[in-house]
Amino acid sequence: MRKIFPVLTVVAAIFAFWYAAVPFMNVKETLTGLERAGAVVVPDNPIERRDASSFGLVLNNSFAIPATYAQERPRLPAPHQVAQDLWKTTVMKKVTSKRSLVYHGWITLSATLLGFAIGTGAGIILAVGIVHSRAMDMSVMPWAIASQTIPILAIAPMIIVVLNSIGIQGLVPKAIISAYLSFFPVVVGMVKGLRAPDAMQMDLLKTYNASDNQGFWKLRLPASMPYLFASLKIGVAAALVGAIVAELPAGGARGLGGRMLTGSYYGQMVQIWSALVFAAVLAASLVLLIGLAQRRALKRMGLT
Amino acid sequence: MVPNANSSVISAKALDLTFQTADAPVHALKDVSLDIAQGDFVSFIGPSGCGKTTFLRCIAGLETPTGGTLTVNGMTADEARRARAYGYVFQAAGLYPWRTIAGNIKLPLEIMGYSKADQNDRVARVLDLVELSDFGAKFPWQLSGGMQQRASIARALAFDADILLMDEPFGALDEIVRDHLNEQLLALWTRTNKTIAFVTHSIPEAVYLSTKIVVMSPRPGRITDVIDSPLPKERPLDIRDTPEFIEIAHRVREGLRAGHEDD
Amino acid sequence: MVPNANSSVISAKALDLTFQTADAPVHALKDVSLDIAQGDFVSFIGPSGCGKTTFLRCIAGLETPTGGTLTVNGMTADEARRARAYGYVFQAAGLYPWRTIAGNIKLPLEIMGYSKADQNDRVARVLDLVELSDFGAKFPWQLSGGMQQRASIARALAFDADILLMDEPFGALDEIVRDHLNEQLLALWTRTNKTIAFVTHSIPEAVYLSTKIVVMSPRPGRITDVIDSPLPKERPLDIRDTPEFIEIAHRVREGLRAGHEDD
Amino acid sequence: DGHANSVKLQLQWVTQAQFAGYYVAKDKGFYEEEGLDVTVLSGGPDIAPPQVLAGGGADVMLNWMPSALAAREKGLPVVNIAQPFKTSGLMLTCWKDTGIKTPQDFKGKTIGVWFFGNEYPFLSWMSQEGISTDGGPDGVTVLKQGFNVDPLLQRQADCISTMTYNEYGQVLDAGVSEDELVTFKYEDQGVATLEDGIYALEDNLKDPAFKDKMVRFVRASMKGWKYAEANPDEAAEIVLENDESGAQTEAHQKRMMGEIAKLTAGSNGALDEADYQRTVATLLAGGSDPVISKEPVGAWTSEITDAALK
Amino acid sequence: MTLVILAFVIWVAMWALNTRLANGPRANSRPIQLLVPAIFGLTILVVWELLVHGLNVPLVILPAPSHVVATFFNEIPTLWLDFQQTFIKGALSGYVIGCGAAFATAILVDRYDFLKRGLLPVGNFVAALPIVGTAPILVMWFGFDWQSKAAVVVVMVFFPMLVNTVAGLQETTSMQRDLMRTYGAGYWPSLTKLRLPAAMPFIFNGLKISTTLALIGAIVAEFFGSPTMGMGFRISTSVGQLALDMVWAEIVVAALAGSAFYGVVAMTEKTVTFWHPSQRK
């Protein structure tokens, strides 16, 4: 309760603000629609209204406020409109239906999970290489950082095409783009983690004349676990973003990214909003799940 | 101090060590010669930065001297390290937090390839030795600082090394706990007849424990005094209020102050 | 130990403090009564966790007792804190790394609104007092631990507080440096006639410095002995090898051990 | 072997009735009758079909001729092998109340344009009208239009690009009546360029087996188109079944099919050379930075349609 | 084929060279630390060049680096225009507004524990919103010009900056806070003299993370509507025109600008947090 109450308050405040903002955001289109239907609105000219302030428009046409909450193409959908759409596209549709968000969510999720697995694996391997080889550390690390300044959306289509041309299609290209985003936090975290043992812990092994291999399995790897989990949380959220980005050029407009795209293509703002909310919930659940795994694993390791 | 190859377990001759650092080289050890015989309990005392740790690390083969010779069990220090000739106890317990106390003590045994059964035997034996038998399944953070330090000593005792190198093992503990551990360490030393090299900051601790007290002084790190203790092997804590004890302590303090005044 | 409102700078009566923690409440102070007179140098000694720090924090108004009364300079502890009645020195120097030594000493002066000129005067004066005049422009990490600790004492002296509260200020330093700082602290105390409450783990330190030694014992934290020192105000370091000194030290040790055996 | 009979077709947009002919041909078994195994790959705003073709991800693509000719100049020799769309559906849709009546009234207005190679007909039109496209009171301010009609509805732009069969309908669906709008069809302005042609790589066309495959593909596709023209509602249903996004609605696709049928009506699949010449002329005239700098050679062939229509 | 083999040989040779340099006696000197990554980067370019020619990769899929470099120098005026539009107007203004707002919010959040416990979990949720969904909405709200790009950047950098600053403001040890209490110091002296300076390393961490986010955000937002200039505009339209050399030239600009931006912030960090152990040697 102590934890949930402030969150609920903030959420309530956000909703209140959101509801309050809806009339101002939607008033212009609403008035145009009402005017078409025969209502008298001030001013009665859409161009004047375009240049007028939303605030004045709402004040002068307060009768239109209810209608701002029921627009079909709102600039800002009201929370209940998003909730209704979410309800309609998750609970009311069969999960196998192409109109079900769960169906699209699963498509995105499968690419995310595969990409996350690839990214994490690659990240760990790279980190091990960096920690064990000075040459790799010095050559690769600066470029790994630079690689993150490249806008992924710009090269995603190229990646898809290049993979396509060597016969890789479907889930894998999306997963690779998703992996591209998730590997970086894992590399950074794991390099830090594998280097976490202090000089004394390393010296202890030296007094036992332990091999590098033993040092890795008995010291570096366990010591890196807290870092690994922390970066997995960042990585999984990044993997989801990657999968969604990859869905734009992947064709077929499937998945949550596809929903956002077609929503934007057909001006279905509500559809974008519900896909957004669904994606955020998905991300939060994935992070939560990793958090749970973290708690269990670290507890079993005696680290808490 | 005539070197005697037969009885000397550790023998340093004209040892020199200079660290190359970014700005100026640091002369950490200068012309250090010392012989430690089988069964000795040698304490190193001196102000911070005088090279106590560095000397211990040279013996352990963790640091390579830039001059002089050093033999441990008749080998070079590095060979001795590879032969696992010693157990090393650090200032902080340095137990791995993801292993239980028993698991921590097993660590060197796993690395050295002892059989599973042997590992368990040994863990049980050394846990008993440091009076932690009931705590094998606990994680380090569930124990007090003193208990952790005892576990780390057990870890160094678990395999068959005749030499015990201890770098301020009780530095982080409070005086009462420290007294208690000192008593136990003495008992253990009497029972096992190991050779112990022990670094400390505390004059009473050095005097109470040692058969030989090595006073060092800094810039460059060197030995300024070696005091052979006339105290008997059996030492109750009360011995610290005896005139002999106070006399030796006084001599150590004088030695320290002399070294310090060089600054 | 009859309370005397006129000469008592700090006066605690039947002080009680229980921490509410997640599992069980911790009874940190139980029925603690003590009077400290103007110009006293009082040391608190006792095993870890006996409530030394807690008691000092109560005096400083950083902790609120759950029972009993406490007056500082005739006010409540919290009023005294707001009136800036004392300077507090922590175990670690705790200098802000982004300020120079002079800047660190200026910190309380800035907060208390001293004029710029006054600030500089005072900084110069206390730097001189702790023999750090040449280091005002250095950053903390450029100084040794002992110098940092001296700077933190200077910081507590910079403004006009008659009381100095010190919580193991030399705990992290090596024995030689510590001896030196003890000497300086005594000199400072003689010169300024401040009232000092001083927490320590070290028996020699307590005996060497104090006019009054308060022995505490844990679970629950309480005072088990209060020893008034017969040593003269002038104390060379050598005084520690005198029989009087050893006698008091012995009494403190006995007091400590007695408290410890309750476990 | 199977490879000789498999065709991958890359569309230039998401699944919609704009591509009904191909979905119908597949669904009705017209491809199968020709012994072909056709995969239809849907596109989207981030997919450049020529790139897919170059990468070998598809055998044929649909494309607007400006973009195809640009690819040709960039060294990717694509060839138009059939032109199922006779007429262009591209137009500008403007609010009437902005006072725009003729293209000259664009001056000082803000206009949304699709880029991605489709801006050239617009630029060429504006240069013919003598209107600068760098903003200012005497020029137009050009926006790179996203994928929807909101800029018009929300009056961020005075005019936007629409297709007769899609975006224009979306504007009307938003409650706007046709009286409130003014439209300029590129076709009417004489700057129309050919849309939705079928293109293959020149090198592949040297292979007789591939050529034969294309002949069969075009023949079956045209059969699909003609079927779709005749049965628009059924065609729309077929498109809906093939939509993987689940975003399309029946009403919208049926109307789209109706409009598409008007554009394909005049074509039997063969490219009309006059239309081609007009497209090239428009593009060569295009502003300061023309999409193609010289008359293309070999950019189209009638061989395939000739054989298919025999 | 020979080119491919040559590429392979060069790769192996570079790796051998770098291994020697990295394990050599002067490995910690500044020149070597710059040389090793430079050799690595150069090798990648050479291998890329050789493979593109050796495998006859079509220009419209992957241009050779030499080609990109040529385009880069030929198109400097255009690139400069795009850079101003996207980086100066979009990314930088959004960065300043976003980080500034996050900073102010962090101070507030830090003051009121209730806000902290309420806002941070919600913030983490909002931070997970993918840009692909938010960009079209913000373009619709704020128009086609740089304002909407700045808005996207604000949304992207706000929460990382907020979380870092809040964490930083809590970074003080209880001893440091107690010291302020012994001086009877109020909220503002504690904030300006203790908590803000102590938070600086964290604040800079947030600022550094935000640099790359800002650039990526501004570029990607242009995919969803823009005036006829800007790096994202150029990238998306050039893909349509198969001008891949131009696309890569813009990517080079993005990488250079991003690295430089990061570098400037990192350098500022060095001077501001000179006192932090990670900055000393």
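Every chain is named by a letter (A, B, C, D and E) in the order it is written, and numbering of its residues begins at 1.
Just so it is clear, a contact is a pair of C-beta atoms (placed from the backbone, for glycine too) under 8 Å apart; a residue touches a chain by one contact, two chains touch by 3 or more.
Just so we're on the same page, UniProt names per chain: A, E = NitT/TauT family transport system permease protein; B, C = NitT/TauT family transport system ATP-binding protein.
Everything quoted here is computed from the prediction, not taken from an experiment.
Q: Tell me which chains count as touching both chain B and chain D.
A: Both chain B and chain D are touched by A, going by the contact rule given at the top.
Q: More C-beta contacts across A-E or across D-E?
A: Pair with the higher count of C-beta contacts: A-E.
Q: Going by CA means, which chain is nearest the middle of everything shown?
A: E
Q: How many Å are there between the centre of chain A and the centre of chain C, using C-alpha atoms for each centre?
A: 54
Q: Nearest whole angstrom, what separates the Cα centre of chain D from the Cα centre of chain E?
A: Centres of chain D and chain E (C-alpha means) sit 38 Å apart.
Q: Suppose each chain is reduced to the average of its Cα coordinates; what separation in Å results between chain B and chain C?
A: Computed value for the inter-centroid distance: 34 Å.
Q: Multi-chain contacts only, two chains or more: what residues does chain B have there?
A: In chain B, no residue touches at least two other chains, as defined above.
Q: Check each residue of chain E and list the ones that touch at least two other chains.
A: 61, 136, 140, 223-224, 236, 239
Q: Give the residues of chain A touching no fewer than two other chains, as numbers and ranges.
A: In chain A, residues 75, 153, 157-158, 161-162, 165, 248, 261, 264 touch at least two other chains, as defined above.
Q: Following the definition at the start, I'd like every touching pair of chains, please.
A: A-B, A-D, A-E, B-C, C-E, D-E
Q: Hey, which residues of chain A end up touching chain B in the complex?
A: It is residues 200-201, 203-210, 214, 218-219, 222-223, 225, 301-303 of chain A that touch chain B.
Q: Would you mind writing out the residues of chain D in touch with chain A in their complex?
A: It comes out as residues 14-15, 41-48, 51-52, 54-57, 95, 97-98, 146-150, 153-155, 170, 174-177, 243-247, 252.
Q: Note which residues of chain B are touching chain C in the complex, please.
A: Touching chain C from chain B are residues 47-48, 174-177, 201-203, 241, 246, 250, 256-257, 260.
Q: Spell out the residues on chain D that touch chain E in their complex, using ranges where they run on.
A: 46, 48, 50-51, 54-55, 67, 70-71, 74-76, 115-119, 133, 141-146, 150-151, 154, 156, 291
Q: Given the complex with chain E, which residues does chain C contribute to the contact?
A: Going by the criterion above, the answer is residues 57, 60-62, 81-84, 86-88, 90, 92, 94, 96-98, 107-108, 110-112, 139, 141.
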